[in-house]
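So, here's a batch of structures to check.
Each of the next two complexes has subunit A plus one other chain: subunit B in the first, subunit C in the second.
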Partner chain A sequence: MILQGIAFYVFAALLVASGVMVISARNPVHSVLFLILAFFQAAGLCLLMGAEFIAMILVIVYVGAVAVLFLFVVMMLDINFRELRKGAMEALPLGALVGLILLAELAAVVGGWIVAPNVAAIAGAPTPSIDQVSNTQALGRLMYTQYVYLFQASGIVLLIAMIGAIVLTLRHRPGVHKQNIGVQIARRREEVVAIRKVTTGEGV
Partner chain B sequence: MAEFWSGFLLPLIIMVLQILAITVPLLVAVAFMTYAERKIMGAMQMRQGPSIVGPFGLMQPFADGLKLFAKEQILPEGANRVVFYIAPMLTFFLALIAWAVIPFDYGVVLSNINVGVLYLFAISSLGVYGIVMAGWASNSRYAFLGALRSAAQMVSYEVSMGLIIITVLLCVGSLNLTEIVRAQEKVWFCIPLLPMFVMFFISALAETNRAPFDLPEGESELVAGFMVEYSSAPFALFFLGEYANMILMSAMTSILFLGGWLPPLPFAPFTWVPGIVWFALKIAFCLFTYVWVRATVPRYRYDQLMRLGWKVFLPLSLFWVVLTAGVLVTFGWLPK
Partner chain C sequence: MTAVFPDIWPALPEIFLALSGVALLMLGVFRGDGFTRPVSYLSIVCMLLAAILAMGYGSGRVVTFNGMFVMDAFGVFMKVLVLVSAAFAVILGLGFNEREQMSRFEFPVLMIFATLGMLMMVSANDFISLYVGLETQSLALYVIAAFRRDSGKSSEAGLKYFVLGSLSSGMLLYGASLVYGFAGTTSFDKVAALFAGGAHVSPGLVIGLVFVMAGLAFKVSAAPFHMWTPDVYEGAPTPVTAFFAAAPKVAAIALLTRVVMEPFGHLAAQWHQVLVATAILSMVIGSFVAIMQTNIKRLMAYSSIGHVGYALVGLTTGTQDGVRGVLIYMALYIAMNIGAFAVILSMKAKGQMLEEIKDFSGLSKTNPMLAATMAIFMFSMAGIPPMAGFFGKLYVFLAAVAAQEYTLAVVGVLTSVVGAFYYLRIIKIMYFDEPAVVVDKVDDDGMTGVLVLTSLFTLLFFVAPAPILNGAAAAAAALFAG
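Now for the complex of A and B:
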């Protein structure tokens, strides 16, 4: 039990610290690296709660795919960091407002727990205990039965976002030579190679 | 004090010994893998390979290691010092921690977690960070180009790899690696899922940046890609990490498709051999195929690599997921 406590505080402290470093690091690449560290700490916290599936998916999706593309873009961009910092001060009130709203919402949730301690139990679906059914199975049962329509709807939303991104960025450039592998493999020797005897001084 | 000893210190010591029991043989295997690769490629190209140091050149990997660590460490000017040194460490570290969930025989596993496959998949998808960080921190064009290629390549092939893993999971009904191997007691998955097996192997080649997908290194165009600025011990760490990753991917292929520690036929002369030997033989077979491919196939062009990943493997693996699910449901073969 005491080990779990130590682990929790290590993860939590590192999570907050790396979150602070994300916004305070001077180099944006360092920011992204700290963001990845923060994702890891969050995955560690999920593991401590016994949510092993969520923890692994967090690492696979966010660290393994999203953050790679983040890093990709940030490394490719050639930004003047001082220019960027000037703009940051102008956006500060808006950012503070968003932060305040989130904080108020968190406070409302925690307050709800204190006022009515059984509210969490009512809101949460009745999940069986971990020794009876594994984490993955419990999630699957819930998602594909009770919440199947919401699950499908979120899938469609993601699909639309994907199509939108493709439509926005797709442009047909004329004059680009592309390889058609099927055509290339289907070519026969007789069609493209001709062997001729060249007599000296006359050419082909 | 006695409670502290039996409840905390003793398990810790046992755990450390177990970790050493996995890591030390792994590193020895890595050393001899480099030797085996040079020997096999030598035989395929009708030359001798290393033959001077020790009997049959067996001591060659250790001589190479000694040479590498005795060399001068060079930090390029303008390089990002911290990230430059973290990158090889990360590569090596990730190549080692994945072995925590690999079952070597029934019950012989360091940590038998429920989501073993996801853990392996997560670790293998993190491998790209070592390369990207190395390429960026080196502050060199060649290294950076190698890093960019690697990032795009590994993200592309991960998608089809994930779908292939899902196909296997559909047939097993569990994400636990031990359960996956036990589900193959009747038939290894490489027989009913043969196209998936081939695609998984090719994706594993791309995921470990091996020939014919070794564009991030691409010595004929990028000198040595992301590794170009590294020397001495950091380079050795990259090298060890890369080969440990190859062995890991071979182990993953054996577990998912070749029945892990199971003997090829479930009766007498085969069952006398311990499971760990079968597992090692299967890994060795996959590694031999890695080297075989490297000695045979020319390097892919980059656009062809992307086309193969997105336009061939992704639709095909998606189709197989649907097909497998359909067959399992229709015939009522879904695992309970």
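Now for the complex of A and C:
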């Protein structure tokens, strides 16, 4: 139990620290790297809660795909972040005001929060029980059995998004020479090399 | 707990369409853009086959996929309408896309996926499946609105539609989440059962209901959520506009009908005023603002807003006759709408598309057949007997009078008179003004076919109205059976 406690505080502290670093790092590439670190810490927290599937998905999807995509975007788009931050100080009062309003609203909501008396009991006894199925299995049962229609339909939505992105952006430019390895290899010496006798001082 | 394989037969048209969409995509990818015409033909065949599959469903109500999906006679009628109008829209796009150098095989494939989304909307039986169906449709439509990507107007149309569409999806989702919060379920059947049992209707739920209806009103482009329509209709390539004005409207009207009749069938007192306001605003804006238009596509946009208003009149009554009126109206509306767009697509001089209303001047002298066809559609849209459009309005207004919605019926008739002005103005321009440009002959067989079919249907509907009237009656009855 004490080991779990230590692990929780280590993960949580690192998560918060790397979260702060994401927004305070000067170099955007460092920001993304800290974001990846934050994802790993969050995955660790999920693991502690017994949500091993979510933890793995977090690492695979967020670290493997999303963060790498961010990294690409940050490196490809030449955005001058220092320029962007220039006006930040002038906008500070307004930003602070919005932040304060949000904080007051949150305080109002949390202050009026009443936890239903039987929530702890329900949360403590998930259905189906963990003794019977692992949560990967339980998620799979939901996604591929109960909501299989929605799962398939979402697949089609993603397919349409992919087709759409290609249709609207892919351009075949004329005049671009592409390597055709077949033709290249099939070339014979006789077709491309001609031997001429050149008289000295006259040229071809 | 063992998993039971869901009953997939009610979803056969959807499954067939999804698989054929993927297959045609592969075909296009491997054969390249030169293969666009075969892919388009195949996509038309697939849509019509899916319509036959839908018709083969029969009757009776089946709920499957754990309550996500419902199929009944209402679904059959609406799906056939959607599929047939989508197939016509693909035909309209064939020649245009080749002339305008935007002929790419993704076009019919995206149309198939948009149609698939519409079928899913028609069969939604849960707020989540409603949303997923709606997004499947919308996402494909955003892309085809911007399909002519070299044109600033088309890109603008796509972007505008995307931004406003996302906003409306947000409203719909917010409404659905409120309904879920206050009703405790997203399933249409369970919500219906809850209120059939006389559960307390909390204000939160009513707000949710209004948000859901606002989101759907955006999709049918009913006023006051119509702002996107004229710009998108004008900017999008014309075949796409024809598609927008037909199939997605039918699907969204079907969805709206199902939502107000099934889960909220017992809350008529709550949604009635919302629909009345929307219907009146749509009819008024659709008829008055259209008078000022000079571009024929913008005119059609306002005309479609007006037509949605008339269809909503039927829905407001909340009666079986009212719903039957809506279904008949939509069936006749898409026929004359596709026909009118076929004429607009045939309007070109020396290969240049003509989109201004003044370009129609003297059409009766330069191309009498085309002028006569357009006159049929305009008379029909104005609601002049014996054209099809008259019967659409007749059944809707009859239902409104029977349900003692006199205000709506009176406003409807008055705005029809105003609407008749601008429809008849086009006929006047075609027949009594001097020709300005010489319009090319219609050289596209598919286009000729569409023109002949839709104009004959519109002209001769009164000879044999039984199939559509009976189909609509059966569909409306299915919605009230449960």
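Throughout what follows, the second predicted complex is superposed on the first by the 135 of 204 C-alpha atoms of A that agree within 3 Å, B and C clash if a C-alpha of one lies under 4 Å from a C-alpha of the other, contacts with A are read in each partner's own complex, and residues count from 1 in each chain.
Everything below uses one rule, namely that a residue touches a chain if its C-beta (ideal position, glycine included) is under 8 Å from a C-beta of that chain, and two chains touch if they have at least 3 such contacts.
Computed from a predicted model, the values in this text were never measured in an experiment.
Overlaying the two complexes via subunit A leaves subunit B and subunit C side by side, clear of any clash.
With both structures placed on the common chain, the touch criterion links A:Leu33 to subunit B but leaves subunit C unconnected.
Within the superposed three-chain model, A:Ala161 lies in touch with subunit C and out of touch with subunit B [touch as defined at top]. In the superposition on chain A, no contact is made by A:Leu48 with either subunit B or subunit C. After overlaying the two complexes on the shared chain, residue contacts for A:Ala7 are found with neither subunit B nor subunit C.
In the superposed model, A:Leu142 lies in contact with neither subunit B nor subunit C. Once the two complexes are overlaid on the shared chain, A:Met21 sits clear of subunit B and of subunit C alike.
The overlay of the two complexes leaves subunit B and subunit C separated by a minimum Cα distance of 11 Å.
In the superposition on chain A, none of the residues of subunit A is touched both by subunit B in one structure and by subunit C in the other. Those residues of subunit A whose C-beta lies close enough to touch subunit B in the complex are 3, 27, 29-30, 33, 36, 52-53, 56-57, 59-60, 63-65, 68-69, 71-72, 75-76, 134-136, 179, 181. Within the complex formed with subunit A, the residues of subunit C that make contact are 1, 3, 6, 11, 18, 22, 25, 65-66, 68-69, 104, 106, 109-110, 113, 116-117, 120, 128-129, 132-133, 135-136, 139-140, 142-143, 146-147, 149, 158.
Remark: subunit B residues 8, 80, 83, 113-115, 118-119, 121-122, 125-126, 128-129, 132-133, 136, 144, 147-148, 151-152, 154-155, 158, 162, 174-175, 303-304, 307 touch subunit A in the complex. Residues of subunit A touching subunit C in their complex: 128, 141, 145-150, 152-154, 156-157, 159-161, 163-164, 166-168.
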